[in-house]
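Next come two complexes, and both contain chain A; in the first it sits with chain B, in the second with chain C.
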Partner chain A sequence: MNLRLLCSTVRLQMKQSFSRPMFRFTLIAGPVLNTILLYEMFLSSGEENFFSYVVLGAGLMGIWGCICFSSAGDINRERYMGTLALIFAAPAPFRKTILGKIIGNTLLSLLTFLVSLLTAVILFGVKVRIAEPSHFLVAFAVTIVSFISISSVIACVLTLSRKTELYMNLLELPIALLCGFVFPLELLPPFIRVISYALSPTWAVRLLRRSVEGGTEPSLFFRELLITLVLSAVYALLSLLLYRLIEKHVRIRATLDVA
Partner chain B sequence: MIASVRRFYEEAKLSHKGRSAAFAAEEFVLYEIGYPLVTMIFYCLLASFSFRTNDLSRWVIGNSFLLCTNACVFGTGRVFASERYNGRLRSIIASPCSKYGVILSNGVFPVFFASCAALLGMITGALVFQTDFSGINMGLVALAGLCAMCSATAFGLLLASLCLMTDSMHLILNIAAYLLMLFTGAEFPVSQLPLPGRVIAMMMPLTKSIRATHLLLDGEDGSFFPLIGAELLTAFAFSLASLVVLRVAERAARKNGRFDLF
Partner chain C sequence: MEAVIEAKDLRREYVTRRGVLRRTKRVVKAVDGISFHVERGEIFGLLGQNGAGKTTTIKMLTTLLAPTSGVCRVLGRNTFGEEKQIRSRINFIFGGEFGVYRRLSARDNLRYFAHLYLLEPEVFEPRIGQLLEMVSLADRADDLAETYSKGMIQRLQIARGLINDPEILFMDEPTVGLDPVGARMLRDIIRRLKEDGRTVLLTTHYLPEAEELCDRMVIVNAGKIVAGGTPAEIRGSHESLEEAYLSLVGAGEAATPA
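What follows is the complex of A and B.
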């Protein structure tokens, strides 16, 4: 029953998200424009592997953009449409419905990588060079898990807020900055890096970049893989805990629609 | 005259209240000042890595200008879209008031806050990235910024007019924000672009102001005023274009009676 619920929510969410012009912007136009911007900025950098920062950077920013403007904003959209309370009170568990939405958005947002790659290859003739393809596939799968887990916590926290639009706008660039989507973390001051290390996408991005650039000790790769998975598991547990607390809070105060 | 100014100010104040009423003061400051600062720091860090440079003065100024102009474009460009959302678009179109006045008054406070953010951005940039602006005539930089804001507002007016013909203003405004980053020289030199890109860059608001401030940074201010003149000319051209588009769009909207539905 739960798997059927999850699958149908994923399918419905993909259709709903794709029908919104703003989502199509973050899915298609955003990665194209970001790839052009990053390519032009890295043109004189002496960087030979444009895949590492241009394609990956634009793809990651695209995924994060889709998550911010969809997974985080979906709660508000349901509230605006008057369906949030219905979903919440339905016999199907609320957290699973929200998880289905997040998975649907994240899977759809993976298209940003493809769009970014095609833009770089077609417009600029960028060569696809992945030093460790098998590691890249593992890193990619782990990246999806880490994004789903962090989105789950964010969606959970935003359930109680009426100002989702404000927060989803505020989340986009700071996370891209803290997680090093387009530049190495070493550029940030050490006290800010502490926050970066607590975010699972930071480690996922590292894994992706290491697998693209190659030359990494397997032990280091697997250590970072483990850190990413542990952090994702912590986020998943945290979101479960938060859902329980929020459910109790909402049922007592009955203020879901007006937060 | 005084009554018109008062009315303009009242409209600006009401629009600002409408935008900020739902937020606590700290949330509002975070959104209007904090987030633009983070945006500037993000692109400056990206520039320091991609251009392998420690002298970020060009990017600090360029991104500060970009913050201001984005506020001008978004502040004016989204007016009709939010009026439609609030259900007042029909009344505004049907009333004999100046549509330009409505758009401009709505943009007053966003532009004011963006100017504060840009100023803070330059101070933060100078402190965080240790950029040295001591040898630069800051009065001329402010003049260039002001001209950039004029042309960006005119560009925003043109985009606002399009709102009467489409319901995808978020899409249009976000693309416009990217176009400003790509074609104005704020993030990378315009000379890197292919010829068609350079032609588009010359037609965009902000390009000439940024070029003028780069000349100031290089200590060559000979072409500063011609570039500022060209920026003002761009503002004039966009204002004229928006006037035509607004008239056509308004007429079409009145004729079809489709202010809210597409």
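What follows is the complex of A and C.
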């Protein structure tokens, strides 16, 4: 029953998002540009693994951009379309509907990886080299989970405010930097790195890189895998608690619509 | 008779902030202590000037807004706190071009809301067909809603509001933007709902419509009820409902909330 609700929300969201020019731009043009830029930077960076630096970097930035635009932006868009109030007042639990939207957007945004990969292969004719394919698959799945869990906390907080557009733009770059999507964490001062370690995508990204580059002790890989999963679970729990609060709060503060 | 909607000394305030440097708080008493009840099977009108507090009242009744104080019960349950027991049994339609997914077709819109109301496909597929027929959208049902005219979107909204076969339907200015044929269609739908034993609470600025449809109504001004009863009772010795209305809300001067 609820699975059907989830699936139909995921479908609706993918249809909706894909039909928006802005989303298509973030999904396709964004990764192409990022891949080209990162490639140029790669050439003079002394980094070794092209796939890890360019494709993963551009792909992750792309995914995150899509999630920011959609999961945060969609709440505002629905607020202005008057559908936020409708989904809020429907018997289906609001948090599940929002979760469906986030999953839909995240799945769609995975395309950025493909786009960035294709760009790299076609434009620069590079060979893809993944040292530990099975680890990579696990890391990829965990990355999706970690993105979904962090977006769900963000989306839920944003329901409360009418200034979502602002916050969403504010969040995009810092998270990309803090989680080390492109640049290594070691470039950040230690006291800021503390924040990075509390963000689940940081660990997921690390797993991705390790599996691509290879040469990691399996025990280390699995320890970091566990950390990613635990952090994601903490986020999921947090958003569950937040939704409880927010379902009351939006009605007290009247932020469901703009009328 | 069973009162399915009950408001007692219901109040709602909005706090707004103004200014950038010297922020001042302002409290708007949008609904300022209103009491009324609606019985099962009634068509009930909520009339009043712009800003009188009609939409705010409907939002509180439809579990979208928390009352500041007072009783706000639908089907015997509090709309704030017991909303879970209410939501599947009611629905609402807000006038205007909002409240549909413009990048989906009418049919997909209805399907999606059917999912949100946790209906089974065996139930909603035939119902969607009937509803599209009823609001005369059947031939455009698979076009994207963004290609619809204002009135067509409004008709889609009406179909959406009936997707869960609600016991109570709340309608906020449902005839806004409808052509005369569409408005007639909507009035017929409302009357049919009543024949089926459903309850309808509606707001409108079109007084003849209210007079034609409503069993009873209240007139709200600046958040307070200034008159209530059957259309004939409210008309009283006045020539028309409009005359009575104008004298009740103070003709000429626009109502401004406190």
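FYI, the second predicted complex is superposed on the first by the 250 of 259 C-alpha atoms of A that agree within 3 Å, B and C clash if a C-alpha of one lies under 4 Å from a C-alpha of the other, contacts with A are read in each partner's own complex, and residues count from 1 in each chain.
Methods note: contacts are C-beta pairs under 8 Å (C-beta built on N, C-alpha and C of every residue); 3 or more make two chains touch, one makes a residue touch a chain.
Not measured: the values here are computed from a predicted model.
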Side-by-side fit of chain B and chain C on chain A, or clash: fit
Chain B versus chain C as contact partner of A:190, first or second or both or neither: neither
Chain B versus chain C as contact partner of A:4, first or second or both or neither: second
Partner chain in contact with A:218 - chain B first, chain C second, else both or neither: neither
Touched partner set for A:87, first chain B, second chain C, both or neither: second
Following superposition on chain A: angle at chain A, chain B versus chain C, Cα, nearest 10°: 90
Contacts of A:125 with chain B and chain C, given as first, second, both or neither: neither
Chain B versus chain C as contact partner of A:173, first or second or both or neither: first
Nearest Cα pair across chain B and chain C, whole Å: 7
Chain C-contacting residues of chain A that also contact chain B: none
Residues of chain A defined as touching chain C within the complex: 1, 4-5, 8-9, 12, 15-16, 19-20, 81-83, 85-92, 97, 248, 251-252, 254, 256, 259
Interface residues, chain A side, partner chain B - complex: 21-22, 24-25, 29-30, 33-34, 36-38, 40-47, 53, 162-163, 166, 169-170, 173-174, 176-177, 182-184, 187-188
List of chain B residues in touch with chain A within their complex: 22-23, 27, 30-31, 34-35, 38-39, 41-42, 45-52, 168, 170-171, 174-175, 178, 181-182, 187-188, 192-193
Chain A-facing residues of chain C, complex: 14, 55, 59, 62-66, 80, 83-84, 87-88, 92, 94, 96, 98-104, 108, 111-113, 115-118, 160
